[in-house]
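Common to both upcoming complexes is chain A, partnered first by chain B, then by chain C.
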Partner chain A sequence: MTEITEKARIGAPAIDGFTEEGENLSPANPDNSPLAGASAKSHSHGGGVGVPDSSRAGRLTSYKVEDFPVLTGREEDWRFTPLKRLRGLHTQALTGAAPSVAVTGPEGAERPAGITVETVGRDDSRIGSAGIPEDRVSAAAWEAFSEATVVTIPAESSIEPAVGISVTGSSKDPSAQHIVIVAEKFSKAVVVLDHKGSATVSQNVEIDVQDGADLTVVSVQEWDDDAVHASSQQAKVGRDAKFKHVVVSLGGDLVRVTPSARLKQTGSEVEMFGLYFADAGQHLEQRLFVDHAVPNCKSRVLYKGALQGENAHTVWVGDVLIRKEAEGTDSYEANRNLILSDGARADSVPNLEIETGLIEGAGHASTTGRFDDEHLFYLMARGIDEKTARRLVVRGFLNEIIQQIKVPALEERLTEAVERELAAGNF
Partner chain B sequence: MTDQVDQRVQDAVGSTDVPDTTISEILEKNPELHGIGNYEYGWADKNDAGANARRGLNEEVVRDISAKKSEPQWMLDLRLKGLKYFDRKPMPTWGADLSGIDFDNIKYFVRSTEKQAQTWEDLPEDIRNTYEKLGIPEAERERLVSGVAAQYESEVVYHQLREDLEAQGVIFLDTDTALKEHPEIFEEYFGSVIPVGDNKFASLNTAVWSGGSFVYVPKGVHVEIPLQAYFRINTENMGQFERTLIIADEDSYVHYIEGCTAPIYTSDSLHSAVVEIIVKKGARVRYTTIQNWSNNVYNLVTKRAIAHEGATMEWIDGNIGSKVTMKYPAVYMVGEHAKGETLSIAFAGEGQHQDTGSKMVHLAPNTSSAIVAKSVARGGGRSAYRGLVQVREGAKNSKNSVVCDALLVDTISRSDTYPYIDVREDDVTMGHEATVSRVSEEQLFYLMSRGLAEDEAMAMIVRGFIEPIARELPMEYALELNRLIELQMEGSVG
Partner chain C sequence: MSTLEIKDLHVSIETEQGEKEILKGVSLTIKTGEIHAIMGPNGSGKSTLASTIAGHPRYIVDSGSITLDGENVLEMSVDERARAGLFLAMQYPVEVPGVTMTNFLRTAKTALDGEAPKLRTWTKDVKEAMSQLRIDADFAQRNVNEGFSGGEKKRVEILQLELFKPKFAVMDETDSGLDVDALKVVSEGHNRVHETGEMGTLLITHYTRILRYIKPDFVHVFVDGRIAEEGGPELADRLEEEGYDRFLPTAAKA
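Entry: the complex of A and B
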């Protein structure tokens, strides 16, 4: 070896994938700029310069797109999202035709009596009652929507059966959509948001759970393979109210759901569940936020995911913030991922920020892995062949979420959909 | 309390000919110093060299450092490259608030004595006093440690290695001397684990590094007793940029211990070290740090190890002091059956932000890693666990577990957990678990009913909480850790 090549090696990294500038941990958004210093650092948070946000509550919120910096993919809340596949949701005006909205009963049955469905303009007082956009794509939808659908569960009513809101896309132009769900005081209902067809849509769903109400919102994403869907679902939870939120993401090219629950009055209880099943090439992302701002509330989070196929990618980020005032909070969140084949990637980030010591308890857990061989062994020892046994294990794993929905027809449909996913993966 | 502190500061600084008026001014201008009260290691020696050292950073300073050390050209080139990256990389936008660092007001190189002392008696008296306060001579006399590399300001002034280790071929030197004596090892390994542009602070360290330890353990050699180094920042606004390189050759074993203390100063100082460790096939390295910087030090350290086939790397990381610590010891498991382990304890008191954690990257099949992190926050302090576990494609049958526990002892402190888990392989087992709990009334009542005062009871509960980590430490460190926890817990009740 000549002396020149010997000297050129000095200070050269010895780890695969390392360059002189360290490593780039965000392959979803490779940045070729020579000044891409920030991306070389692991866990880079936030996009701005200066003092980091002191907590999750410090994140910028605004109705205006221009308040948010242009996305580069290095921002903490976008670092896992392949921006190129957003099909312009983050760069273009969202002027396309929004997916159609039809309010029915469960699985397209007749609409239950008692609820009010309205189509309103931007100036309606209920718009903006539950949340302010937290990212650029959501703010873009806020600026662009022309009319919103408002579904109201009247006070002290108990609505049976479930309310279905079918959202059906038919255009690929980037579009905006706004839906408001209001559960008035002491009402009780289950509302299913059902997404189908093909669309490129940024959606804001506001959920106002008033004092003493008991509301379940299920958001099912069974899009066609080419759909791109960014959905910000923000809930404001009132005194002694109960709110259950279930996300089911199965179809679509890129689906990014960002649900949040803000506990603003004491005594409320929030449960957030999620199920996602990513096939080859699919990007399914869920970022949730539970904001404990007042004392004596309870939250439980459980998201379960399965991945199969080359470049199936799931992201789960769970932010739980227990503020200084939120004494007596009881909180737990968990994420479980089951990787069924090679080439898939699961990211799991359960964040927990606690600003007071006077809590009942707080914790989180995250597991990612393949099958438990013991489960398989147990079933096979009882005469079940391996293929059936594997399917039974996956079905059991995901069924824990499906059974939270409590709408029999929908539970059946989703169980079948999971079966189809497993069959398609020749699992 | 305040009078007591004044007295202590006066006692401590009295020997340095600083007029009393200055001290009261300092305390007046910096009321937070009262809060540091019981900081046992808070004193300052007279320091002529430090007073004259220049502040600020530019190419000239870097060239000057390199020239003063008579370094080879390639090291100067590397330093200049580091400076270039440092200038162009932005400050991190995550983690702790670093806006208080004034890079132009830092002395990047201070030379304390002209040449290295050969024996303890050769050291200047004030430096000897400093180390006596740190307890080093006792440790040396009792042969509890096998070698002491005491980093006083930027260069190692005292260095002795037991002869039997030398006979085994173990090299334990300060990094500057090692570069002169073993340039071939440096050319191969320097910057190979932490590249020059890895992050802003690693770049800064590459540009201005000075001091640190160099350890080489030959094939099959087991160093039975821990190697130990002590670091201390003594000059006001003194940056400490030590660079440590540890190479454990095949089937060897070494335990390296680093302890840090720094006296109190009126303006904030920066400590930005880089530690690179190469653990070769079948070797095992354990690296223990108990960091007890005074409460105005920004402690921004990059620590990373490569573990080859069948190798084991263990980080034991205690963070008690400093104003801000951002430190995430990493293990890159590049060979099959490599193992990484981090035990971490963080204690954030009043005005402190401990943002610590660990990073485990699985690059080869059958690798396993474990992180156990415990943190205690009190008096409005903020402690955070921030970690990354990554399983790259091909790292089949990898296993990882992360357990974070946080203990909250009052209502104004804060505890956060930011665990990142990124799995790109199906055949793995990963788990993360965190619990945050507070000291219960029952626990306190139980202990107090047995005659303990409330603060004693609280300290005992905290000691019990960190016991799993304390027991991994050598005895004298475990004792020191317990003492530090007690000091930290004083006045935490009521």
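Entry: the complex of A and C
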């Protein structure tokens, strides 16, 4: 397979002319880009005073939309997003009807006992507990929402089966939504956010993983073909807590998920997985951020995507920041893309910023491969028929993520959804 | 006893300058138990013959026939040819993303036999064959050919030969790029299957050194898309001494 591989480990020799985030130097960035500051030109980190503009640590955060400049599409965090297709999420007041929220058990079954579900106003103390908007569209939603859904996993409870939060859209007017998930101390649960229907929505999901908790959040985007969804999913991870986040993006015209995990207490562990399957014309974007701010935490990131059809476009940007204080960090992130037909485009940008040498390990990898006639010939020359051969490859590739979910009914549904995607592409 | 019969085969490929004829009338008959070596200089059409037998879509058969026990191979799709008992050990095996060796071998075996292999004996067979070919056990969990070295890829081709037990094996320059140890291991793998007496082999090679380990019954010299000379193993010895020079046009000799 034709492969474009980028790999870096600590201690790897620096390549002249490249920073660790090499693409920062891309001539595609105009001079007025926030990237093109002195720090980018001097190819060094922390060369100037304070935090360099190009560092993820320096990104503006604010609850106020007016603090963010109007988007031009040249910003580092929007440069891959077709703004025209945001259907006004970045320009209009988000006053439309937000998608409905229903809290159930797995796949719509009865809600598991023990959890608390509340609808609260803007003044609730739990709002703002896990994250501050990091972009204009997220801030717009923060300003616009009138009520939020708060799902609480009580302290020391182990909730089974999974909690399902069904988000169902029925309006195309730009809207705002706010959801808070609180996993109290030493609790254990799996929460599935399930997005369906049609919507134009900017969503903030705050996830508060308190000390010793073990929380899995799965966000499934199976929207109708015309949906536009921007989702900022920010997690604050407590001491010795475990947080697993899985993004599954299959349906929608434009889906942009920006998950972040902030490790602010020692001993925590974060795993972030993602699966996306883009068809002709779809734009599926995921930009994640892992912030190692304290010593002895561990993070693992693996996103896998398949693309088929004309103008299927996926974007993966993985920012991992290991701050000066975060000694003993163990981190690895990877993105794998599989292009199944002509005309599709996968952008993949792993960014690893390391401010201390005293770490266990840190690495990143990105591969984008193509399934072509030679692969098909090879498998068929071993007696495997064409349809089976194609499915063998895609299934095998994506299964690695699906099996991380550990909610059997959902795994089954997603496997079927992948099969449908394959069938739709004449695979 | 099976027979693979190639008659007056003409094959061309599409190039930017239009169709180019590569095979210009090749006839060859291989029977079960026989080893035929096809030797020849670069560009003589050896690999074209191998790929055409397997059904690679790049090669256009203009005329002639390939039959397996009387069945028209040219009418079969690539997978049907494999299921009919033809196996091509490829010169450049591709890396297949997303499919582990274990999954691939089992899926292929199931397709070839029409039923899933019995799990216990199958696992044992795979392990044994891997160990004989000195393929590391963790290869089973790796994706097909992904990150394998050239020699490892060739060993994996022979692993499949041993596990799939085809009626006819076409080995397309399996020896190229192998060091002496790997060449021995690979040849022994082939010979184990050959010794069952149930397989015929078409061994395509540029060099004579593999013929020290795999003993051909017949040697065919390919030049410019045709068989220029045929004989027994002694022909290979002569080629070893003299090279291909006497088959090349006079202009090229200078």
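Rule of thumb we're sticking to: the second predicted complex is superposed on the first by the 363 of 427 C-alpha atoms of A that agree within 3 Å, B and C clash if a C-alpha of one lies under 4 Å from a C-alpha of the other, contacts with A are read in each partner's own complex, and residues count from 1 in each chain.
Rule of thumb we're sticking to: contacts are C-beta pairs under 8 Å (C-beta built on N, C-alpha and C of every residue); 3 or more make two chains touch, one makes a residue touch a chain.
Remember, predicted model here, so these are calculated numbers, not experimental data.
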Broader residue contact with chain A after superposition on the shared chain, chain B or chain C: B
Touched partner set for A:Glu76, first chain B, second chain C, both or neither: first
Chain B versus chain C as contact partner of A:Gly363, first or second or both or neither: first
Touched partner set for A:Ile339, first chain B, second chain C, both or neither: first
First, second, both or neither for A:Tyr378, with chain B first and chain C second: second
Residues of chain A at both interfaces, chain B in one complex, chain C in the other: 369
Residue numbers on chain A that touch chain B, as the complex places them: 6-7, 9-22, 25, 35, 37-38, 40-52, 54-55, 76, 324, 327, 337, 339-359, 361-370
Chain C partner contacts - residues on chain A that touch it in the complex: 1, 3, 336, 338, 369, 371, 373-375, 377-386, 388-389, 392-398
Residue numbers on chain C that touch chain A, as the complex places them: 54-57, 77-79, 81-83, 87-88, 90, 93-100, 103-104, 107-108, 111-112, 143-144, 146, 160, 164
In the complex, chain B residues that touch chain A: 74, 78, 81, 85, 88-97, 99, 187-200, 202, 278, 306, 328, 332, 334, 359, 363, 386, 388, 390, 392-393, 406, 408-438
